[in-house]
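Here the chain labels run A, B, C and D in written order, and each chain numbers its own residues starting at 1.
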Amino acid sequence: MKLHEYQGKELLRQFGVAVQDGKVAYTPDEVRDIAREYGQAVVVKAQVHVGGRGKAGGVKFSPTIEKAYENAEKILGMDIKGLTVGKVLVTKAVDIDAGVEYYVGMIVDRNVQSYTLMACAEGGMEIEELAAERPEAIIRHRVDPVTGLRPYEAREVAIKAGFKGNLNKIADMMVRMSNAALARDAVLVEINPLFIDADGTPLALDTKFEIDDNAMYRHKDLLDWRETAAEHPLEVEAAKYGFAYVKLDEGNVGVLGNGAGIVMTSLDVVNRAGAKPANFLDIGGGAKAEIVYNAVKLVSKDPDVKAIFINIFGGITRADEVAKGVIQALEEGILTKPVRMRIAGTAEDEAKALLAEVNSPLIQMYPDMFQAAEAAAKDANSAGQMNAGSNSA
Amino acid sequence: MKLHEYQGKELLRQFGVAVQDGKVAYTPDEVRDIAREYGQAVVVKAQVHVGGRGKAGGVKFSPTIEKAYENAEKILGMDIKGLTVGKVLVTKAVDIDAGVEYYVGMIVDRNVQSYTLMACAEGGMEIEELAAERPEAIIRHRVDPVTGLRPYEAREVAIKAGFKGNLNKIADMMVRMSNAALARDAVLVEINPLFIDADGTPLALDTKFEIDDNAMYRHKDLLDWRETAAEHPLEVEAAKYGFAYVKLDEGNVGVLGNGAGIVMTSLDVVNRAGAKPANFLDIGGGAKAEIVYNAVKLVSKDPDVKAIFINIFGGITRADEVAKGVIQALEEGILTKPVRMRIAGTAEDEAKALLAEVNSPLIQMYPDMFQAAEAAAKDANSAGQMNAGSNSA
Amino acid sequence: MSILVNVNSKVVVQGITGREGGNHARAMKAFGTQVVAGVTPGKGGQDFEGTPVYNSVAEAVEKQGANVSIIFVPPAGAADAVLEAAHASVPLIVLITEGVPTVDMMKAVQEVKGLNERNLQGGGAGIRLIGGNCPGLVSSGEAKVGIMPNSIYADKGRIGLISRSGTLTYEAGKLLQLAGLGTSTTVGIGGDPVIGTTFADVLPLFEADPDTDAIVVIGEIGGADEEAAAEYIAAHMNKPVVAFISGRSAPAGKRMGHAGAIIMGNVGTPESKLAAFAAAGVPVADTMPEIVELVRKALNK
Amino acid sequence: MSILVNVNSKVVVQGITGREGGNHARAMKAFGTQVVAGVTPGKGGQDFEGTPVYNSVAEAVEKQGANVSIIFVPPAGAADAVLEAAHASVPLIVLITEGVPTVDMMKAVQEVKGLNERNLQGGGAGIRLIGGNCPGLVSSGEAKVGIMPNSIYADKGRIGLISRSGTLTYEAGKLLQLAGLGTSTTVGIGGDPVIGTTFADVLPLFEADPDTDAIVVIGEIGGADEEAAAEYIAAHMNKPVVAFISGRSAPAGKRMGHAGAIIMGNVGTPESKLAAFAAAGVPVADTMPEIVELVRKALNK
């Protein structure tokens, strides 16, 4: 679960990290009131679950109350990568010239089977860019998940990264960030920029915080923070069914299968067949008719999807159950796009018999995943050409 | 820092332990109101920092509202081992026959350099008695201080102790108690009795909770709970000076020294000399005149003290500094009891010169601790006889 | 022969009285696995279809000599179940449970590794965790400690299989079976970001196994386990290894199903994995069926 | 010769720029101890009266070859300072600080023991923590890593001394000095409930030290360290040992100064300690001066 900047700051504050405070506003009027209250230059920052909001114009320095109002008018309601900005965080602006900006973050790192702490004296940049361009500038340190980061380790990292300032205060802040990450099951915590003022005191200006979905059961106090409005509507629906669903850009084939590996491979196969997958959808194990029905319903709602590729492998999964789910969707009029499927499992013959009974061109079974994927790709691409054709007409 | 039952319960509740709730009352009227609100039998329990309050009549089952009022009248204001009961906890009474009473506790155990978890199927008794009489009935288990108690360990202990009930719920409760102990730096946590109802669900009926004084700096939220009124006034004053002070029963010689070991040995020497130490007072290292002055002032306030034995050893401590502190107390009229002291350190001659100058029979220096202790013992015992004599006259 | 599990493995099922635990205990028995005990705290003394149930793993080890544990305990208790088995010195622990919090896994994996070291230094057999979120492992025709379909692994073959993905494991197993090659032992290591055993941990076991002629590694995007495997292969393996990588067309920054499969920055890209395998001389199949072709080719060299 | 510290010990002072750290660094130098470095995070690059100050222990080890650390860091950072030194593989760590939270000490002591084991298994010299809340240790006439008065330990003697109490250590040292016996090495293990090194840990070192003829153990009420020492002595020691126990007249249940000195139930009573020493054939002095007599008697046997 991704948190907004203001939520991530709230969590860090709970663990004693000094953060640049602010207030959330939903209207330009509220922003003006906050700016007036602060009585100084402010920054108006879009709160959306998407990266690169700064580049998209979602973060604006506002030296006056009037400017804050103006900027709020611009930012509230703007679209950033498909998401509408519904609220902003208004913070006091910091005189960046009176200090230095650094980066610190912690991330789940499968290579060390724990968290890796990252620190970099070049703050403010996106860490991905930095990692790609100047990996040697980032100091990495494995954090023991049982003890958490210790002050002496934090000092060592801060020294290696070349941080200037009060070493003990900076280390203390990093330890607190680590405590927050472990206690709140973070997948990722970033403080970027970490501002260190002329006195050497650290302050978190911006933060990213993402929580392990598997651990949400022990963070029930944060469930209110989950905002369905801020997520893709199909992702919200998928979560309801317990599906792992990812919407993919510029796709035309809906893909679903049982297991992350087989779905990923299905994406590869669709690509290879000359089409583009429109989504990743893992329906999990034990595919019963109802689950398949829900999955087909979900994928059908995506306007980008022109054909659906179903790829099921299971020694235990019954092919006829899968067929039943698809047929139910057809009979209820939900299924309007061609379904091309491969089902390896028991009761394949029963499945074929069921399909023969409904005898719809929309549903076809194939002996292997390549043929199914190729058929789906062909259908999707020709549907696209038809659309293109009708548009140009 | 010792906590009251209701405070200990509050901490356990913060960590998710199910406790028998109640309300604190300061007057019989308040107790009556609570009993009325509960609308059932209640227990009125004195909240004092001393053991054995049950035996002293400080805990009373109250089947009716009237009885609760009556019991509150008896308990509030009563004296338990020198402490006046200022408040009571009123809890709903539990039908003990509808379940079983057990004991669980965690204590700092120097023998395992960590916490030891103790569990016993014979609840309700004082664990000290049980430990003395039937040590084999107590199951002991070292708790890893880094990981805390794990559910599987808790289950193992519960099984070994012969607890009957819902194993997972009981283990969960023990894990939560362990979490509370570690997070709150407990020296001791006891849940006794731990009540397990007919459904097998555990409930903490009473608790003892004591927090490591060295760790109070990270539990500032609990500082309000420190009640000077509930402690011996001399202990309160000693804490102000940063002294380790323990009032001892039936003593007549005030004892002070620099270091726990030397003070303990001083107690032994006073005993050997035929008198009784009235206190333990460790003034710590680097005995400056002011510290000695404060210590002498403190001990002089104790009406039990008839003579004072000062035992200082320090290569760094200056004997003349000690002498100066004592002389200041004398000159300010604070010192009215004979001081017999041994000071091994530098500047012994200067000390003697200072004492010769004031030339008071109240202050004498001796070459070793035995002579000083014997002189103090003689003075204290003869003062006692004089008192006894004047009393009998 | 085979690696890790065989006809002598005595399996305890943690969570045997749950739905999943029960179903798969039954399937493992049907495969021929010696399921000697179950564990469900509070249900000690009962039995599951003739298999005795105990309150603790220690008891199952003591009374039935269990030397492999398979865990179906729900996510919140799964890491504790692992530690219980590890502290009871069970040499092989297989965690099937999906959805265990990552922090729990970090702590458990670290502790198991510590116990393993101490156990080995004390002259023990070591303590190994496989998974979580994995299908378990099976030595074809001998013993299954996992949830894979029995039919694919009925007959012994000579190809070792290690996979991060569940369903692809079966898919590959089936292809090898149909091709008449068959599998010796199949190890599903799981796709979660923090797991007990990696490719590089399993490879030496296959290298030493006289009944394995070649090894198939089924990886996916995310992390650097495949790169580590390639490095190990180049330095230490004499037997041929064939690889497959799923998710090669997945976009960067999107998490594919489980948290392991995500490309972040330059880490976890298919390019990096392909390059690593190429450098190690490991052929990478473009499609699943190509795995069989490459294995055949490697064996005929 | 001597145990634990000697003329070759190279000492780093953690917290050298603090008041206590500075004073005692000066006193240790005056004693003749090689104080090679100080550590104060954020003050790296400065010097303390000619001794270089570093930001980390690792740096002090690397640059100055420090092999003993003495810690004067305030309570809240003391356990972290111990772990810093231990992870920098400093073989001897002396924690002087008083008032460290017990839970911090539990964690630090456990971790240091783990690192010690691993270090020994890796062929290292081990990692030992002495204290906290202790006066440190001194090999008379050689090196002092502690806070005891220099004058008592100027000349080498042949009696080893181990003590839970600070001031009684000096008192006993002084008595042995005045008696013309003198001390070889004096180890103040500290009186806190959780400490790094116990009597039983130090006794074998004295047993093996050719320049120690007899050992004095100064215990006190509370805990069972004296009982453990008695057991060790009975089983392993050939050199004579003399004991003293302070607090014999303290009432049960009252904590005497530090949390270690408390009689709880049957644990920690003077009776239990006296009985244990009697069973081990260790004479117990009734008064401090009697220690000297008993040592003389033991040496003349």
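Assorted remarks:
The criterion applied here is as follows: a residue touches a chain if its C-beta (ideal position, glycine included) is under 8 Å from a C-beta of that chain, and two chains touch if they have at least 3 such contacts.
In this text, all values refer to a predicted model and were calculated from it rather than measured experimentally.
Most remote from chain C, judged by the distance between CA-atom centroids, is B. For the interfaces A-D and A-C, the C-beta contact count is higher for A-C. In terms of their C-alpha centroids, the spacing between chain B and chain C amounts to 55 Å. Each chain gets a centre from the mean of its Cα atoms; for chain B and chain D, those two points are 29 Å apart. Each of residues 146-147 in chain A touches at least two other chains.
For chain D, the set of residues that touch two or more other chains comprises 107, 111.
For chain A in complex with chain D, the residues that touch the partner chain are 147, 150-152, 155-156, 159, 166-168, 171. Of all residues in chain B, only 146-147 touch chain A in the complex they form.
Contacts from chain D toward chain B in the complex involve residues 75-76, 99-104, 106-107, 109-111, 148-152, 163-171, 174, 191, 193-195, 218, 220-225, 228, 246-251, 253-261, 264-267, 286-289. By the touch rule above, chain D contacts chain A in their complex via residues 41-42, 44, 55-58, 77, 80-81, 83-84, 87, 107, 111.
Against chain D, the residues of chain B that register as touching in their complex are 51, 108-111, 113-115, 127-128, 131-132, 135, 144-146, 182, 185, 187, 212, 214-215, 217-218, 244, 246, 248-249, 257-265, 267-272, 277, 280, 282, 285, 313-316, 344, 368-370.
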